[in-house]
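Letters A, B and C mark the chains in the order given here, with residues in each chain numbered from 1 onward.
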Amino acid sequence: MAAPTMNRAGSDSGDSAVQTLTISKALNMGLRAAMEANPKVLMMGEDIGKLGGVFRITDGLQKDFGEQRVLDTPLAESGIIGTAVGLAIRGYRPVCEIQFDGFIFPGFDQIVSQVAKLHYRTQGKNKLPMVIRVPFGGGIGAVEHHSESPESYFAHTAGLKVVSCSNPTDAYWMIQQAIDCDDPVLFFEPKRRYYEKAPVDTTKAPGPLFESRVLRTGTAATLVGYGPMIRVCLDAANAAAEDGTELEVIDLRTLSPLDLGPVYDSVRRTGRLVVVSEAPSESSITSEIAAKVQQECFYSLQAPVLRVTGFDTPYPPSKLEEEFLPDLDRVLHAVDRSLAW
Amino acid sequence: MPQFKQFPMPDTAEGLTEAEILTWNVKVGDAVKVNQIIVEIETAKAAVELPCPWDGVVTELLAEVGQTVNVGVPIITIDVDPTGSAAPAAPAPVAAEPATNGTSSGKIGEEMPGGRIATLVGYGPRAGAAKRRARKGSEPVAAPAAVAAAPVAAPVAAPAPVAAAPAPVAAAPAPVAQPGGYVPLAKPPVRKLAKDLGVDLYALTGSGANGVITREDVEQAVAAPVAAPVSTVDNGTRERRVAIKGVRKATAQAMVDSAFTAPHVTEFLTIDVTPMMELRARLKTSPAFRDVKVTPLTFAAKAVVLAARRTPDVNATWDAAAGEIVYKDYVHLGIAAATPRGLVVPKVRDADRMSLRELAVALDQLATTARDGKTSPADMMGGTFTITNVGVFGVDTGTPIINPGESAILALGAIRDMPWVVDGQVVPRKVCQLALSFDHRVVDGQQGSQFLADVGALLADPAMAMTY
Amino acid sequence: MSSPEQWTHPEPASAPAATAAKPTAEQVIAGLRATDQGDVNLVQLLTPEGERVQHPDFDIDITAEELRGLYRDMVLIRRVDREANALQRKGQLGIWVPLLGQEAAQIGAGRAMRPDDMAFPSYREHGIAWTRGIHPTDLLGIFRGTDMGSWDPVKHKFHPYTIVIGNQVLNATGYAMGQKFDGKVGDSDGEATMCFFGDGATSQGDVHEGFVWAAVYDAPLVFFCQNNQWAISEPTERQSRLPLYQRARGYGFPGIRVDGNDVLATLAVTRWALEECRQGNGPILIEAFTYRMDAHTTSDDPSRYRLSDELELWKLKDPIERVKVHLVKQQWADSSFFESIEQESEALAVELREFCVNMPDPPPERIFANVYAEGNPVLEAQRDEFLAYVEGFAGGEH
């Protein structure tokens, strides 16, 4: 099931194949590469054309690919998703943008009733190779509905695949792989990290789309997260290292299907797991991971699986969001509790 | 070949249970087609026309105009293969298609034939299974009919906890899983270790905080060489721990199997064995018995095999797997023996064919061999009755546990001088208590009592053996 | 400040405003008047009595053979509908969604389409399925509970039935946009799409969003609304103050009401609408004014919410009867023709019945089949575990 490693034409010289990019720029370049590679790839969303998107992710694309491939759509999320379904049936590969996480819900019906089910309903005669891009997560000091983490609803829905990038390299490659995938993919982008930079090799994909990745090895405990929380986990691990505690950090990257093999392997070595996510903990992806790990690694657990998450409240006013969101201190506090077991 | 089908009164509306026949649109002999209206019925709500489910010929109208018929009762018989030859005796009251009992115009909320409640969008809810479907490889486990390979002992559970054999003394009594009790506290890796090493966590006391069993606790519980159970001393505590293994482990399992499978009844009989002791004294001087040791146990063995002829139930076996009680023509008599390795119960085979002298010899040999730890596996198996001689320890009686695979066990108590009434006078006599535990599935109270009385009578008056 | 009159009574002023109050006996009777009278803008070319009439904007040149063909279509699909209904009564289907009374609306619209056009039905369009070359036995799986649509939607250009009300309208809009993006729109050879929905669906947001998008993108889409007067138990008055065809005006495209029981008018208007779309003048809304003669589905009980007189009135407007009368009057068909159709419909019914009762239950592994195009290892592991569990039952058979 692993997709072949993608090699895209980068520039000729080896050095300029590695560029320092923000996630935002990496996504933009990845989208451009996908549009160039396949004339059936379409972008659609509110304000993505002339404006280039409220986060500039689609900046410049309409100018270069035209209004029929980069659509400024009416203000209607159900319409964006529903028409994308029709376009996909027609043979296109639509890439929908939902402007903010909190606005995906008008489209939820189309996603759950049609996008997720058509392949099954027609036993494969209809394929929906579409991508729904969603800037998600908090930490940008915003008003209501702009800081949500709704990924669990979609991971819970059979027929969808759900991924989240945490860094510019994954942003550049994963968006292209998602567009290439013949299944519908919810693509969650960590909006608070859009402007963080890192080197990106644009000639060679680091690996297949639906795989988790160990970012840092350690022995004391395992930290697992995705999207915006990876930065927090890595910072926590660096801080812990100063005290002589080496933490292993794993980026899930794919939330459905979960690739937990590396997590099981890690837990069998460390015996301790802390899962980190902004989303509220009740009935969430972190719940799923805890359940699976306790089943697969039961005899290895030195401590119960602990979770560091947003609270089970609506996202609070922005003055309180730093308290709400998991941060380095809360993660390390959980690590301490785990170690003390 | 004519094939008859009967169409039952369907449930038509609002959960009604009956309807009245208003008019028949067909008569006997008419040909009918599928969906043809054959009858008009009246429910409380309205008149309803019913379509025919089959093509065929009407052979019987089973209800009259004006008659009220319950839902589900057949109202018409139709021959769906009228061109066939001779008719079978009775029509088959079965609908044509697999999953139907005739028509159903079930409206929302109404029960349809088959029991499902009609819904707007599909077949409606269906009752789930009330019984579990059989899984492969799930035959019931056979009750232990034969004696297990490992030596089993049936020690007497005396009123006070006693280690009957001179075996190494166990430390604190091993805790047994109580129903409703708590699971021993241990982390998953410690659990796995215990499982892999065969350590029962229920038997340990945890040395970790809050009584949690630690890895060290488990490792210490098994830190014993295989040859003999080794006790370890806990650092800083006044307890000694001995691993559960070997004979004790097997004995314990057998005791549990027996005690919790066979319904035990114990009956007691106190007898005056003075005549038996007098006989014993006489035999000592007789030439035939000169070099043979005759003990009360010898007499008890003889009494048992004789009485067992009259009450063969005590010598039988409950074979649950075969669903049979097995009556045996032989008595392989087991004698509980205390050995350095623990309790063993070697058997005297065909004890019922032996004379008193032969029994004495066999029992003597058996005891010696057992004490030396040299009893062969063959002699450990196949017993049909056991005697446990608690008397040698000076104990009066007890409630012995039956050996798995047998149906009764006799405890022979110590012989003491006790006051007894003889011819109206209280005199000191040699008195002994017998205790018979029997499996009430196999042995009823009458048989058990009969047997015990017979044994007692033989021991109290050995001359009674002449009557057998 | 009172509202000026023209704002509370939208054009055209002559259109009857439907009442939205809780229906009393009088209002139901009032509905009786509203629901069988299609207003002055109703396009009709064949009266209920079988007479051809003229319409200033629409006409149709129909040959005897063509009309016989339309008659046959309607008779056969009605027979399929009745047979499937009967199969449900016998417990062979979980439910059936009857189209009784709507044959002309569907056959007329369906026969206007070309093979390259695409159709997005709701769940009652068995007549459209018929015209797209789908055999009636392929309709049964959904209602039997063995699949969710047996036909190939790509081959027949007929989308699977959509049960969520209105979703398909947006999907159709996207498809039509795709036809346009592919350059297939602009002349008589152009492609077009039709989506089908009922009066109830016109209250759903997705339908309105569809109107918005189709208008903004000039999509070659015919919105075909079968107003059969009832959304389960709710009359059209509960969905709109205005006749439904007038809604299109608010979105900037033509809306037209046709006599949905007149196959000729439906055919003519739909042909016109499709041609407009092919030329790039889409979208168009067609409201086919018809009546749901049977219940919503087989467990529905219409006697709870509508008067039987209503049904009697619409029986007089039967779509098939008027064509039969016309065929006879024109001497375009004789008794042997009608008999051959009757025989054909009987044979079709037998075929449907036998197919249905012999449909096998799908095996357990079908639960897991084709959830994803590219597979999912987590799901596959779950499937393997389940199948091993199923294997573990004594006696083998599930």
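Keep this in mind: a residue touches a chain if its C-beta (ideal position, glycine included) is under 8 Å from a C-beta of that chain, and two chains touch if they have at least 3 such contacts.
Worth saying up front: this structure is predicted, and the values here are computed from it rather than measured.
Colleague: In terms of C-beta pairs in contact, which of A-B and A-C ranks higher?
Modeller: A-C
Colleague: Looking at mean CA positions, which chain is nearest the middle of everything shown?
Modeller: Ranked by how close its C-alpha centre lies to the overall one, first comes A.
Colleague: Return the distance between the CA-based centres of chain B and chain C, expressed in whole Å.
Modeller: The computed centroid separation for chain B versus chain C comes out at 67 Å.
Colleague: Return the distance between the CA-based centres of chain A and chain B, expressed in whole Å.
Modeller: That gives a centre separation of 59 Å.
Colleague: Centre to centre, by mean C-alpha position, how many angstrom separate chain A and chain C?
Modeller: 41
Colleague: Among the residues of chain C, which ones contact at least 2 other chains?
Modeller: In chain C, nothing touches at least two other chains.
Colleague: Pull out every residue in chain A that's touching 2 or more other chains.
Modeller: none
Colleague: Can you list the residues on chain A that touch chain C in the complex?
Modeller: Touching chain C from chain A are residues 1, 42, 68, 73-74, 76, 78-79, 81-92, 94, 106, 109-110, 113-114, 118-127, 129, 158-159, 161, 181-183, 257-258.
Colleague: What residues on chain B touch chain A, complex-wise?
Modeller: Touching chain A from chain B are residues 187-189, 191-192.
Colleague: So in the complex, the part of chain B that touches chain C is made up of which residues?
Modeller: These residues of chain B touch chain C: 13, 34-35, 46, 51, 53, 97-108, 112-114, 118-124, 133-138.
Colleague: Going by the contact rule set out above, which residues of chain C touch chain B in the complex?
Modeller: Residue positions touching the partner: 82, 86, 89-92, 94-95, 145, 232, 296-297, 299-301, 303, 353, 357, 392-395.
Colleague: Help me check something: in the complex, which residues belonging to chain A touch chain B?
Modeller: 271, 298-302, 341
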